[in-house]
Structure formats: structure tokens, C-alpha cells
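Here come two complexes built around chain A, the first alongside chain B, the second alongside chain C.
On to the complex of A and B.
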């Protein structure tokens, strides 16, 4: 006995549409899940970057502020904060080598630190003689710029992608920033060139004292 | 032609094909999901670990500061840094909160401190989990020093001390000697004035004073206070008048046995002079004349000394030399210090160094163009002490003259002599009657000559709280009989103060004595080691630069904030590096 060949039965249009719809839904769900995981991972990465960057800024800025003896000058217009980092030669007086200027460059979005660095080829005695005392009433930012013009400074990045930076001081610092014992940096730090995240750095100056002259 | 299949023959049923596509798809989906999930979870756990490390870093940071505070407090007690049970270790393995801390105290060269070290470096290392931080503070340490030890009869705390007048011409320089490690310890070159009149001080506006303080004596003209404020980096008119007097030659030297009564001229070649009394000694024409013997203190007496034409007086061991007459070094002659040797020269008359060098080596004295900055740091001014001898006024005023590009590495205390430095360099210090630094001259002071507790240390043992001199101190100083010589001054003053009940049996003022803690004993300032590390400067104690020390501190690579690299360089790790 022979069987009649089964006749192949095709999909109905409804079945096809249903299958396509289910496939689309499943694909959409998968894509959504992948996107969500991707976004979450990206957010984590950015969060880590923020933490690391904030920690780096914290460490680097505090490294200059906490041992500092005095905030010498703050000029938001020029984006410079001058501090008296240490007191080596000429105790009680500010010498060139003891000054650090934290510059915020809004165009380059960088926070840098600049110091006077005489040429290595100079003998130490020549460096000592050039390391003159700077009167306390000086425009320390201009002093640093003058040394820069002579080629006697060295700069290093504190942080990049800094969109804004603002220095503020403890309210008890009457008589100018030179009396400040607490310094606060409020900065906006960019992440991958996109939205900025706020970073706060607070530092105390336990060794605070004003230069003698 | 292809045959048609026979449709009458029943066809065999074709086996159904096994299709595993769905299974593969499921496995791929599971794999993708697992990968994404693990990446996500790893990311989450990494964030937590990073946050934890930041927290540990903060913990280690404040623990380092706490340990530094404790270390300073320890130094403010009667603990002597030079007598710690483990050299250089204030404490180790102390637990503060969740961290373990060690504190080390060293001198500025990174070595365990000696009793003579007063500028110290306190290094604290805190470990919190896997994070380690290092903090440093410079400590100005004032041991429970007696009055007798605080008074330096050679007045080493002053770079320049003038009894009658002081003149510093244009283009003359006074500053710190950069070859001294203590030059980086917030020290100054101090100028002291033994006269009261403002007219006695003449400093040309073009004179170069770098890190110089002025300390006039009690009773000085008030206008000198204006000079302090305008020309110097600090100072004060003292509440007492330091005693600046000459020495009496010790009996062990003055009684040296006679070797010869004949003058001796040594022309070329080499010679060794036996210890004892000689007449005139005149090395010349490249002669090398040795005095002293390594490892043995010896005493010599010369009637006169003249070293000329590239000759050298070479010193070995610890030598005391009394030259009763003039000392002349000229024409590239020199006094050369052998390895580890010291020379205490009692100067009975005048001293002249013209186109020569003393206190260094023959390479310096024989050089045609001497450059003091090339001086080997092993030639320290404390190795050649030149002490003026008390003498009768009737004998006139002796002179001390350095000229024609001479280099002098010595601590010179000749309070009765007029000192004239002309176009020459002095590394060390000078006490003189009338002192003049002419154009082209330089005086570079070694702060290690300052014991940190003398007349200018207003928080030292010679002063009561508030900065006024100890009661009866001025009286004891003024009442001292000069003829006894400067060496007798400290003991005499201490005895007088003890009689007056100002100091205890050991001669220590009550504010610094005993075992109670005193803030006066040690004061500390944060050292910006982390900032210097960020600037990638070699902050190892190299003798010239103060900073992180590698011994006895051990810091492992991989610290989260601060690491030490090859050669002791310090580096900071961060997101941008």
C-alpha cells in the first residue's frame, strides 16, 4: 500500500505575523537589556573615573595646601592661587623657590602648579643667590609670570578636563587670604569631554603663618 | 537522457534532519548574558574596591598625621633622639584605628640622629590595608641643654660678629653655604653687633644679603630695628650683650716640648714636623710639610708660619697649633686638611691669606682661578677653627686679611682683630673687631656651626618664657673676667646662675629640665614631601636636598599615593599618570 504524499502546509499570514511579532519583541527585549547593561557599565566606569580623578585632585591639591604656610594671593581673574609652600632659606621670608602658583586655565581646562626652577646648569651658589626674597606685599602671580618669561619656571598638571575651579577661604580670614587657615576648592571635572561632575577639596593649613615682611 | 523515477516503487521515508540551531542560539544567548553579567558584576565589585582603597587612603593619611603628632609629643619629653633603643625609631607597629604606624627620627641626612643634631626629620609611615602613606615633618629639637652647653665661646651661631664696626661693600655677599645640609633647614645667616651705634654699621645698598638676620646687642640704637625690618629677613635687638672675647692657649699646647729653636725653611719636597715647639716654619716652592698624625691628637707651637709659592701645610689627625707670631699664606700656598683631620689654630698675631686657600686641599690652593662652589663638601669649616688669643692692648690690633681670590674654609673667632676680606670667599664664619667685606667678597655660613640654643635662640635655655634673658645672666656675662679666656666663660656663667638659683644642679633652666613634657623642646613643621614628589624632584637626603629618606624607612612599591623609586626618588601615582 502506498501512502499518498503529505501535502506540505504553509504558514498562514496570521501565523507569520505572530511569529514576526514575537521575534521582534524578543529582540527588542534583548536589545534593551544589552543597552541597559552597557549604560550601567558605562556609568560605573564614569563613576570610577570620577572617584579616581577626584581622589587624584584631592591628593595633589592637598599636597600643596596642607603643608603650606600661607595663601599669598588669590586672583580669580587671572585664575591663580599663590601659596607659600615651605620656609627654607631666609626664615620668615618668602623666597622665589618657596612659592607655588596653582593656575586654572579655563580655555585649556587644566589645573596646573608652577614653581621657580633655575637651570640645572647653574651651580648651587648661583641658584642660592638668584633665590631672592620676595616682599610679602608683592604681586606673587606677576612674580611667577616674570620668572616664567625668563624661562626659570616649571609647570606640572594637577588635573585635566577641569571645567571650572573656584577657591574660597574660611570666613574668619579677615584681612585677606593670607590669614586663611581653611581653603576650599570647588571644581567641575569633565568626564570624557561630556557632562561635568562637581569635586570639592577642603584643606586646612595647620602651619599657617604670614611672612615677616 | 535521464530516466524518470519509477513511481510504482514505494519510496523509502527520508530520515528527518536534526536541526540544532535553536540549541546553538540558546548557548550563544547564555554565553553573551554570562559575559555581560560578569563584566557588570566585575565593574560593580571594582568600584567598591576602588572606593574602599580611597577610604583606606584617607585613613592612612590621617593616621600618618596622628602618628606625627605623637612622635613630636614624644620628642617634647626627656627622650633623647640620639639614645632611642632602636636607632632612629621613635615607635614601630603602633596601632591607631584600623592602621599600623611607624615613626622614625633622623637627621637631615637620613641617618639616626646624634646628640649634636638639633634639626631633625620625623617620618611617619601608616599602613591601612594595602594602602601605605608617608608623612614628614621637620623638627627643631632643643635638648635639655645646660647653660654651659648653650653658650658657645666661639660664637658659632653668628655668621658674622663685629665688636666695633661692620662694613659690607657693594657686590659683597653674605648667605648660607649650600654645601651644608642645614642650609635647607629654615636656618639663617646671623649677623651680630657688639656695638650700639648705628654709625658703626655700613651696608651698601648693592650688597647681597641672602637669608641674613641681624641681632644687635642690648642697648643698640633703636634705628637698627629699622635696618632689621628693611635689609634683613629678621632679627631682633637682644636683651643681653654676648661676650665676645679671645682665648687663652691651653696648657697642653703652650707647654709643648721644644723641638728646635731654629727657623726652618723647607723648599720643595716633603717633610714631617714632629709635635712640639718650633721656631719659624717657612714652606715654599711646592713643599708639602705635614703636621700631626692620623688618630693621635698632637700639639704644635710655631713662632711664625709662612707658606708660599704653592707650598702646603698638610694636617693629619687632630692637631692643636699655636702660632705666636704672624701666619702668612701667599702665592698659591695653602693649609690642607687631610682626610678626617681637624686643626685648632690659636692665633697670637695677624693672619694673611693672599692668593691661597686654607681649610681645603692643595688643588684649591694651587688653582689659578679658585671657584668656591667646586669645594668638596667634606671640607667643612668646623674642621679648621682659628681662635684669636687674648693679648695686651699695648701690642696693637692684629689683622686678619684675605685677598686676591683666596678661599678660606674655617670658623674664625678673632674678636680682637680687624678683619678685611677683599675679593675672596670665606666658607664658615667670622668674629672680628672691625669687619669689612669688600666688593667681590663672599661669606657663606654653615648653619651647622649654630647649636640652636645660644644668644639668638630666644626660646632656648638662655631665655625665660616670654623671651627675656634668664635672671642674672647679663650680670654673669658682664662680670666675667676676660683674662680667663673664652673657654672658661660657659662654666663661669653657669656657676653664677646656679648660685643665683636660676638653673638646677645640671645647669638646666627649670623650664627645660626634668622629665615633664615641654613644648619648647621640639617644634615641628610639615614638610611638603608629597608636593615635592609630585614635582618629580629627587627628595632623597643627598646632603644638599632635604626630603624623604630611604633608611631606615622602607616603603614598598605600589603604594596608592606615594611610592619610592630607584635611587630614593618619590613618585605619586594618580589617574593621570
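On to the complex of A and C.
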């Protein structure tokens, strides 16, 4: 008896369908696994981006708060926090060049820092003359805005994509923010157009002292 | 030129064994790829945890540095469980920090500062260490020396 060798024949329709189904299943499994890997990689990348942005805000804000002598003014309506960063030209008194204002612009979603910066072309003597003392009871935010209107300020971004920012102080500040020894910033940082995560910066002011009246 | 019709083994498809080996190799390569990606992500999460831990430790030490010096020693041994970190004024940390907790160690210490050639001054104070952990192990530890104020 003779018969065609098994290896010589092609696949039956059932065998072909079965093989295609198995291949499709294997392909589907691999594709879904790769999709999951892609999604988790994307989530990981976004998480890393948020943490890095939080770290940048943290270190930049602390750089202005920790060495500060005191908080001069906090105005949530105008989104400004004024601090007395140092006391170099006039001991015990606040001079224009010693003020830093941290502005939160809710519309632009930015946190910036502004300082008085007289034109480079001015001689040092002129800068010293213009660097006047500001009384302790002043509206420091308005002072900074007035200097800005004259073109004598310089601003730097602290962070972008900041959806909200709120300053709070230790209970000692109930008698005035100038008494605060601890400052807290709570903010929401966004990513890809939506608020993503909360950031907290807690800073102490170990050199805290009020300006002379 | 006439080509011979395939005969014998040349005409055969894959055997079951060959197909199984091929699928096993495919499965192994997918598994290896998955593990590599997973390991990379774990490493990334670990580094994120370290960044957050450094921030939490720095916050803690910054707040302590503004406390009255006499109250610092009492903080020795204070700890906050994982997911329950708070500022000194009781504000909760955002959920970003949920995998972390921290503890404080404070001990009297002395440090010497060079004031000139062959001249040193000993300064007494407190060595404060903030250690942030994820409940299984310490993630980061940061220390600061707080000098005792002059009487």
C-alpha cells in the first residue's frame, strides 16, 4: 500500500485557522504587554518630572527663605510675599536692595522672585544713593511695584506650571508676619496641562529679627 | 532550468518541537524585556523616593534650626510613621510623600573651627540628624550642627 507522506501535504483549513488564532493570541498578548510597559513608562516619566519640578521649587524657595531675616509682608490678594533677605548697607533698616518679593501669578501659573536692580550703567555711588531705606511699616509690595514701573527691578522664574500657591506661618506670626520663624508654602504643580501633585516647602528662619522702626 | 520538487525533510514544515522552542524563545525574550523595563522603573522610583526624602529631611532640619535652642534636645527620638509626616505646625505633607516617614536624633556635640594658622575654636551645640525611611529601610539621612547661642 502506498500513501502520500504526511510532510508533503499542506495545512487543512482547520489547521490554518487554529494556527492563525494561536498566532493572533500570542501577538495580542505581546502587544498588550508592550502597551502596559509603555503606559507605566509614561506614568513613571511624568512622576519623575513632577518630583524634579517639586525639588526645583523646594530648593529655590528655601534659598530665599532660610537666610531671610524676616517676612515683611504677605498679601494673598496680590499674590506677593516680601522678605527681608539681608541687612548689608544699613544695619537694622530695610533698604530697597534687601527686599525680595515672591510673586504667584495665578493666571500665568508662575512663581517668580523680583528684586530691585539699578541699571548697570550707574556708578556705585548713584546706586548707593538710590538704595534708600524703606520704613518697616511700608507696603513693600507697592514699593516693589513702584520700582518696577521705573524699570529698576529684575525678575526670575522660580517655577512654572504652578496651579496654586499658599503661604502660611507659625502661630507666632499671629501678631504680624514679621514675627514668623517658620514659613510654609503649599503649592500644586501641574504637568501636561493639569494639576498633578502637591508640593510642600517648610522653612525655618533661624536668623529671624524684625527691622527697626 | 528545472527545479526539483522538494522532497523529504526539505518539504516539511516546523515540527512540534521546533515550534515549542521558538515560542519558548519568544516568551523568554518578552519576559527579559519586561523585567528590564520593570527594573528600570523600580530604580527610577527609588531615585524619586530619595529626592523626596532629601526634601523631607531638609524641611525638618530647617524648621528645627529656627526653634529655641533649649527645646531641640527634647526632639531626640521623635518619629513620624510612613505616610504621616507633618510640619512642626501640624500641616500634613501632600500625597506625593506618602511612602515616607522620618525620625530625628539630636545629641550634644562639639565642633572645631579654624580661626587662623594653628588656631582653632571649639563650638558646642547639637548634632541633629533627620532620617527618612520607607518603612523597610532608611532612604536618606541628613545632619546639621546647630551651635549653642552665646549666653
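Following the convention adopted for this analysis, the second predicted complex is superposed on the first by the 184 of 213 C-alpha atoms of A that agree within 3 Å, B and C clash if a C-alpha of one lies under 4 Å from a C-alpha of the other, contacts with A are read in each partner's own complex, and residues count from 1 in each chain.
In the analysis below, a contact is a pair of C-beta atoms (placed from the backbone, for glycine too) under 8 Å apart; a residue touches a chain by one contact, two chains touch by 3 or more.
None of these values were measured; they are calculated from a predicted model.
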After the chain A overlay, clash or fit between chain B and chain C?
-> clash
Name the contact category of A:92: first (chain B only), second (chain C only), both, or neither.
-> first
What is the contact status of A:66 with respect to chain B (first) and chain C (second): first, second, both, or neither?
-> both
Counting only touches as set out at the top, which of chain B and chain C does A:131 meet: first, second, both, neither?
-> first
Does the superposition put A:204 against chain B (first), chain C (second), both, or neither?
-> second
Of the two partner chains, chain B (first) and chain C (second), which one does A:100 touch, if any: first, second, both, or neither?
-> first
Could you look at A:115 and tell me whether it touches chain B, chain C, both or neither (first, second, both, neither)?
-> first
Return first, second, both or neither, reflecting whether A:55 touches chain B, chain C, both chains, or no partner chain.
-> both
Mind working out whether A:170 is in touch with chain B, chain C, both or neither, as first, second, both or neither?
-> second
Partner touching more residues of chain A, whether chain B or chain C | B
State whether A:41 touches chain B only (first), chain C only (second), both chains, or neither.
-> both
Once the structures are lined up on chain A, find the stretch of chain B hitting chain C; candidates are 40-48, 328-336, 346-354 or 418-426.
-> 40-48
Which chain A residues are contacted by chain C in one complex and by chain B in the other?
-> 30, 37, 40-41, 44, 47-48, 51-52, 55, 66, 206
In the complex, chain C residues that touch chain A | 7-9, 11-13, 23, 26, 30, 33-34, 37, 41, 44-45, 47-48, 51-52, 54-55, 58-60, 62-67, 87-89, 91, 93-97
In the complex, go through chain B and note every residue touching chain A.
-> 10, 29, 36-37, 39-40, 43-44, 46-47, 50-51, 54, 57, 173, 175-176, 178-179, 183-188, 208, 210-213, 229, 233-234, 371-374, 444, 525-528, 530-531, 533-536, 544, 546, 561, 572, 574-576
Chain B partner contacts - residues on chain A that touch it in the complex = 2, 30, 34, 37, 40-41, 44-45, 47-49, 51-53, 55-56, 59-60, 63-64, 66-68, 85-93, 95, 100, 113, 115, 123-129, 131-133, 154, 156-157, 159-160, 206-207, 212-213
Which positions of chain A touch chain C when the two form their complex?
-> 7-8, 11, 26, 30, 33, 37, 40-41, 44, 47-48, 50-52, 54-55, 58, 62, 66, 168, 170-171, 181-182, 184, 186, 197-206, 208
